[in-house]
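Structure provided below as structure tokens; questions to follow.
Letters A, B, C, D and E mark the chains in the order given here, with residues in each chain numbered from 1 onward.
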Amino acid sequence: MRKEILLETMGLWAGYGGKPVLQGVDLSVRAGEIVAVIGRNGVGKSTLMKSLIGLLPSDRGSVLFQGEALDAMAAHRRARQGIGYVPQGRDVFPRMSVGENLLVGQSIGGGRSDAAARLDAIYGYFPILKERRDQRAGTLSGGQQQQLAIGRVLMGGPSLILLDEPSEGIQPNIVQDIARIMVDLNRQTGITVVFVEQNLDMIRAMAERCYVMDKGRITAEIGRDALEDRDTVRRYLAV
Amino acid sequence: MAILRTEKLDKWFGGLHVTDEVDFTVETGEVHCLIGPNGAGKSTFFKLVLGEHAPSGGAILYDGENITRAKPFERIRRGISVKFQVPGIFQALKVRQNLQIALQHHLQGATLNEEIDRLLEFLKLKDAQDQLAGSLSHGQKQWLEIGMAIALKPKLLLLDEPTAGMTPDETFATGEMVQALNAQGVSVLAVEHDMAFVRQIAQKVTVLHFGKVFAQGTIDEIVADERVAAIYLGEVHA
Amino acid sequence: QDGEPIKMGVLEDQSGDFAVATIGKVHGIELAAEEINANGGIAGRPLELVTYDTQSDNRRYQEFMRRVLQRDKVDVVFAGFSSASREAYRPIVDQFDGLAFYNNQYEGGVCDANMIVTGAVPEQQFSTLIPYMMEKYGKNVYTIAADYNFGQISAEWVRDIVKENGGTMAGEEFIPLGVSQFSQTIQNIQNAKPDFLVTLLVGTAQASYYEQAASANVGLPMASSVNVGQGYEHKRFQPPSLADMYVTTNWIEEVDNPASKEFVEKWHEKFPDEPYINQEAENSYIAVYLYKQMVERAGSTDHDAIRKVIAEGDVCMDAPEGHVCIDPKSQHMSHTIYLAKVGEDHSITFPKVWDDIKPYWLGDVGCDLTKDNPEAQYTPSDNPKKSGG
Amino acid sequence: MSSRNSVSSALRLLEGPQTLGKGPGFWAGFAVVLALACAYPLFADGYDVGNNVYFFNWAFMALGLGLIWGYGGALSFGQTAFFGVAGYAYGVLTINLGDAYGLTFFSLVAAVAISALFAAVLGYFLFFGRISGVFLGIVTLSVTLVLERFMSQTAGPEWAIGSARLNGFNGMGGMPSLTIPWPGGDIVLFPDVALYYLTLAILVVVYLALRMLVNSRFGNVLVAIRENPQRAEMLGYDIRRYQLGAFVIGSGLAGLSGVLYTAWGNYITPSSMGMSAAALPVVWVAVGGRSDLTTTLFGTLLVLAGFQYLTIYGSQYALVVMGVLLVVTILAAPSGIFITLGALFSKGLRRRLKRERA
Amino acid sequence: MDFSSGLFSFLYQTGDAFAFLVLSACGLAVIFGMMGIINLAHGEFILCGAYVTTSAVQVGLPLPIAIFLGTAVAGLVGMLLERVIIRHLYSRPLDSIVVTWGISMIATQGTLIILGSTMPGTGTPFGSFSVGGYGYSVYRLVLMLAALATLAVLWLVFTRTRFGILARATIQVPHIAEALGVNTSLIYSLTFGLGAALAGLCGGLYAPTMTLVPTMGSAFVVEAFVTVVVGGADIFLGTAPAAAILAVVKAGLTSWQGQLAGQIGLLVAVIVVIRILPRGLTGFILRERA
């Protein structure tokens, strides 16, 4: 069964203050896929995520979502098309409660979905968020914030989630939980996931396919089979 | 002889008991890892040791001296240094200047510059030395912050998730660096969730849970402990 | 030098806090200059104005006083509204031996040969006003005054005059400049139950007192030397908030005599948008004519020659307010003092007029500019007489 | 030998990462500007010379605020408090001591010292109480407003120190100008050529000394504190001392401005400590570009001269035009007018600008 | 003065000071507390509200409608300014000091040039009442109620509406709010407009009681700033208690020692409170809750 392409970039260039970081990124992701992006520090993975969601304007090339070019669209409009972005470093709203943080995510996907049901589902995935729903998010521990950041985008029922290093700072069993939750969600709702990751276990637990980035370009693609082999992945990360 | 010892160290945030009468020791010269679930109180424990937070009760002894009431900078001057969980660098200053500010405590003039160059090389930030620190990638920021921490030539180095966001090879390199420092006599206390890293460096591991010491031992003992697996590790491959 | 213009510097606040009371002063000078030039100028020389906006900022007075004296080399300067601005520029006028007219009603006491003052001073306004009010309403007096030199010194005058006339002070309250909220003050006044109230409020913020007192129904007769005559509060506030206010002023728009009416008419012809012509505007207007007279009699703009003319004691003219003269000892001006009463509907009547009230006080305490020039400002509690000099 | 060494290493601090301008090109430019400034009185009339002295007077306060705010990251909205305290101190001292035997210079030094001492006490209270950000701005503003309100009501004769009357809102006058004792008649430094050279000399010395200060170890720590106080403390620095140090030096400079201003016009008032006076130094520093001494200095002189020019020729529109210029300048030149203008011509500046935008 | 009328008088005076502080500060608190913009043109939005209100009364509109108009116009002007100028300054809030100071100069002098140096007042409605032989203004009770109502409405808007949540999110981490689908530029506009409208409301409410001149805004600014800062970052936790504390200090000192003491006492209270609570009341309250 070949699904249609949900997200595609063509010759994407982007950078900061004239210094190019992405230098012609081409990738394409089909609806319902879980795709990882890996690469060493500083090769431009986060930069790619930011240009996909629109926080960083691209200099050249284009981003297509559901066949439509997003390039001229502001980030909030892209989000309303159904793209949820979980940034590296989490960036929760520090002086708002956990519950309020979650409510902000509702804007994703445009429509005002049933908040109570969504909240219940998210509290089901991440019980600590329920326990701490009135605590100010800035005082949560690092791992708790990561869970909140993921829960926040789920509130809007996105069709595509961009995750930037979701395992960072998370205790091992919750890393496994997050991987499992994402895979479950993917199976149940068909949600598409593109994630940047360094944690081999998480990559192997989640990804169906994997792009390798170096110096602002996609340099390789690893298929399902090669992913099974720890050392192959490790070798790619070491380039 | 313990380089760091806490006695019944206690911290409440409002109604939340985050550090619960912790008795904890880092022996001089050891590499000690502190692990535990998110929210267990590891970062808070660091902040108490550094004086960022005032404890609700208990005492902190460094090298035999009671430093419970000392100001943060006084603790640093006695030989503690830290890499925080959230990178704390001088965003609008150049990478080079960041290191200079850390190093100028004990170095001057030409030797200062040589040492900065040596550190830049070591941190693989040579090419980025004139970049503003704020424009580094996440991993590069981590390296820079580690560099600033070791630039202080500490006797006790506190590392809060030093390898978060690093590739396995980089993590391994960081582990080697920690071991090299330890070989020079630096005691290390590290918080990590990466069990491979913990296995690589730890001579002793303490598990913190709900602000209490939950388990302690070698990495093998900890990995074998089913209670730890239940609250923290899950099915590990470490 | 024949035919060469006589230069007059004009430093007044055309913007900022004081503009409401001072734009008219510039107009007064312009009107007089235009008339004089139309009639052949001063001793055949045209009068040229060099005007700067001092923006209600003391520092601009310092900058521009140096500029008019050193760069523009004016023959005379007309400058200043607040006493602080006058004190800011006075050292500079003294240093360069300039000649400055201060055309403002003020707290009195400037004894400086480089200064000529045409505004009214306390002995002119209070020795008339306070006894009248005590006679009419009673001897128990409450003063609210702006908490700075003008207010404090004026309040001191009021206090002394009340005592001299056998009255008592029911209370005295000083209000920092810029205060606009008066609930507590209103209550204090009601608490003291005075027979009448002396209001020496300065600045637009403080004028809010009247509206707030009216809405709390204070209902006391009021007396003032500044309000109405300077800030035309009776025009700016809705009646009857200023009802029963008595003001001594040397002139206001409503003064009812032919000379005054003619003056108001030609003013509004030239400046149809002028909201109100206040006493300072008239002072400024007549000051230009007085200067003309001094120069023509001295035969030059030389300051020593002009002072000699003043020393003769008969620099006088018939102004819209009446006959006025410059007092040689103090170089201040005598005035006709009108007692203006504000009615329920804010119309003005004049229950009493005092002719030719002299600025005697400086002379009495020992200021005599024909003899020496202390370049000082005296106050009732700090003057040569007081210190035994 | 070693003293030679320390002098040369001190001189090396004239350039560094914290100041714009280095190398022979910059210093040649510096020499040209200085030479022009020295030659200026030969060409200008007394008014212009005296007016420039007046502009120079304010530059010290701006440089001081540049140090505290631009380098130290602490926005003090009340530098005018120190300006006023020093101005009044100079008045009280000189009125009581007189102007013979160079006592006016003693009074100058003493008045600056008094304002620095006041800053030390207030700064101790602020920085050791961990007050920062806008809280610091409002506390310092409150202090200057309290002084203004208090001084405004000291009109009565009871408010005198020795023979010096404070004289309330109307302001204190009658203090002597700076006077150099000289055989055959003291030289009184009225706002004219002699005062010009004195003020210029002080300005050059202060500017160069501040350059050395900000490029020193002290300056490094100061900018580190501005960027991330917590991290600076975790590198073992007692940040309170550094902030206090910068505050005292910067406030001493505000005091120097106050003294020079008072001696220049023989006058000081409470309004010089009021709200609008307090806002001005912030504007000067922001327009020039607060993160550099040179731009702060030239920005201040430019705004002062520009605004005065507008007031002279702009009639009632002057204030409107000033407002528009401020808005446009800040919008169009985010790093201050000089860095932005300079970026049109210089690659280094362009890079710096990009960094600051990022 | 007997006890009950003394008590009433104390409550009235404190309430009066409280109303002044709250109404002066609310608009500033929204703009500063939410957006981090230090708005030195706050007084000119008050001026705008006062002038529009007064003009509307003069053409015959009833006061409540006139005040509503004043509020609305100030709000619209605020939104316009935000679009054109303020939005370029979010990344450098300190520069907003200079820009808003410039705007304030333009507004004050522009008003002087266009509308002249003064505007006639409309008179205070509702008359007076008396307690224990003292006359009090009814309208000042209206002001007190307006202050309380404003606080209540603001609290509801920011905590109980979606706009409030999105606004707070936007202010805290703008780029993430944007990435989560929030139209941050609209939120900024509305928030700034709301702050300006609140300033306009203050101007409209006080217009009948004050001198109307182009510089009238300055009568509110110092009080507004100190209230906001003593309150600290969170306007709801901070502003109301700050206004209450400062009102008691100010009213107490004014009645005991006169206006100068009240003024200086207010400023000294600010210094003392911030010294004790270096992050304002908000910081204090939040530290105590987990």
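Keep in mind that, in the parts below, a residue touches a chain if its C-beta (ideal position, glycine included) is under 8 Å from a C-beta of that chain, and two chains touch if they have at least 3 such contacts.
Going by UniProt, the chains are A, B = ABC transporter ATP-binding protein; D = ABC transporter permease; E = Branched-chain amino acid ABC transporter permease.
Computed from a predicted structure; not experimentally measured.
**Student:** Which contact partners do chain B and chain E have in common?
**Tutor:** A, D
**Student:** Which number of steps is the smallest that gets you from chain A over to chain B via touching chains?
**Tutor:** The fewest steps needed to get from chain A to chain B is 1.
**Student:** Select the chain at the greatest separation from chain A, using centres from the mean of Cα atoms.
**Tutor:** C
**Student:** Quick check: how many Å separate the C-alpha centres of chain A and chain E?
**Tutor:** 43
**Student:** Roughly how far is chain B from chain C, centre to centre by C-alpha average, rounded to an integer in Å?
**Tutor:** Roughly 75 Å, centre to centre.
**Student:** Could you give the separation in Å between the centres of chain D and chain E, each centre being the mean of its C-alpha atoms?
**Tutor:** About 33 Å separates the centre of chain D from that of chain E.
**Student:** Could you check chain C for residues that touch two or more other chains and list them?
**Tutor:** Only 15, 147, 174, 176 qualify.
**Student:** Could you say which residues in chain B touch two or more other chains, in rising order?
**Tutor:** Within chain B, the residues that touch at least two other chains are 13, 135.
**Student:** Mind pulling the chain A residues that touch 2 or more other chains?
**Tutor:** As it turns out, chain A has residues touching two or more other chains at 16, 139.
**Student:** Which chain C residues qualify as touching chain D in the complex?
**Tutor:** Touching chain D from chain C are residues 14-15, 52-53, 55, 57-60, 62-64, 66-67, 70-71, 83-84, 86-88, 90-92, 95, 147-149, 152-153, 174, 176-177, 376-377, 379, 381-382.
**Student:** Please give the residue numbers of chain A that touch chain E in the complex, ascending.
**Tutor:** 53-55, 74-76, 79-80, 84-85, 87, 91-96, 100-101, 103-110, 135-136, 139, 152-153, 156
**Student:** What residues on chain E touch chain D, complex-wise?
**Tutor:** Those in contact with chain D are residues 32, 38, 40, 85, 88-89, 92, 94-95, 97-99, 101-110, 112-113, 218, 221-222, 225-226, 229, 260, 263-264, 267-268, 270-271, 274-275, 278-280.
**Student:** What does chain A use to touch chain B in their complex?
**Tutor:** It comes out as residues 16, 40-42, 46, 88-89, 128, 139-144, 146-147, 165, 168-177, 198-201, 234, 237-238.
**Student:** Quick one: in the complex, what on chain E touches chain C?
**Tutor:** Residues 1, 9, 12-13, 16-17, 20, 109, 112, 116-124, 126-128, 130, 133-140, 208-216, 218-219, 251, 254-255, 258-260, 262-263 of chain E touch chain C in their complex.
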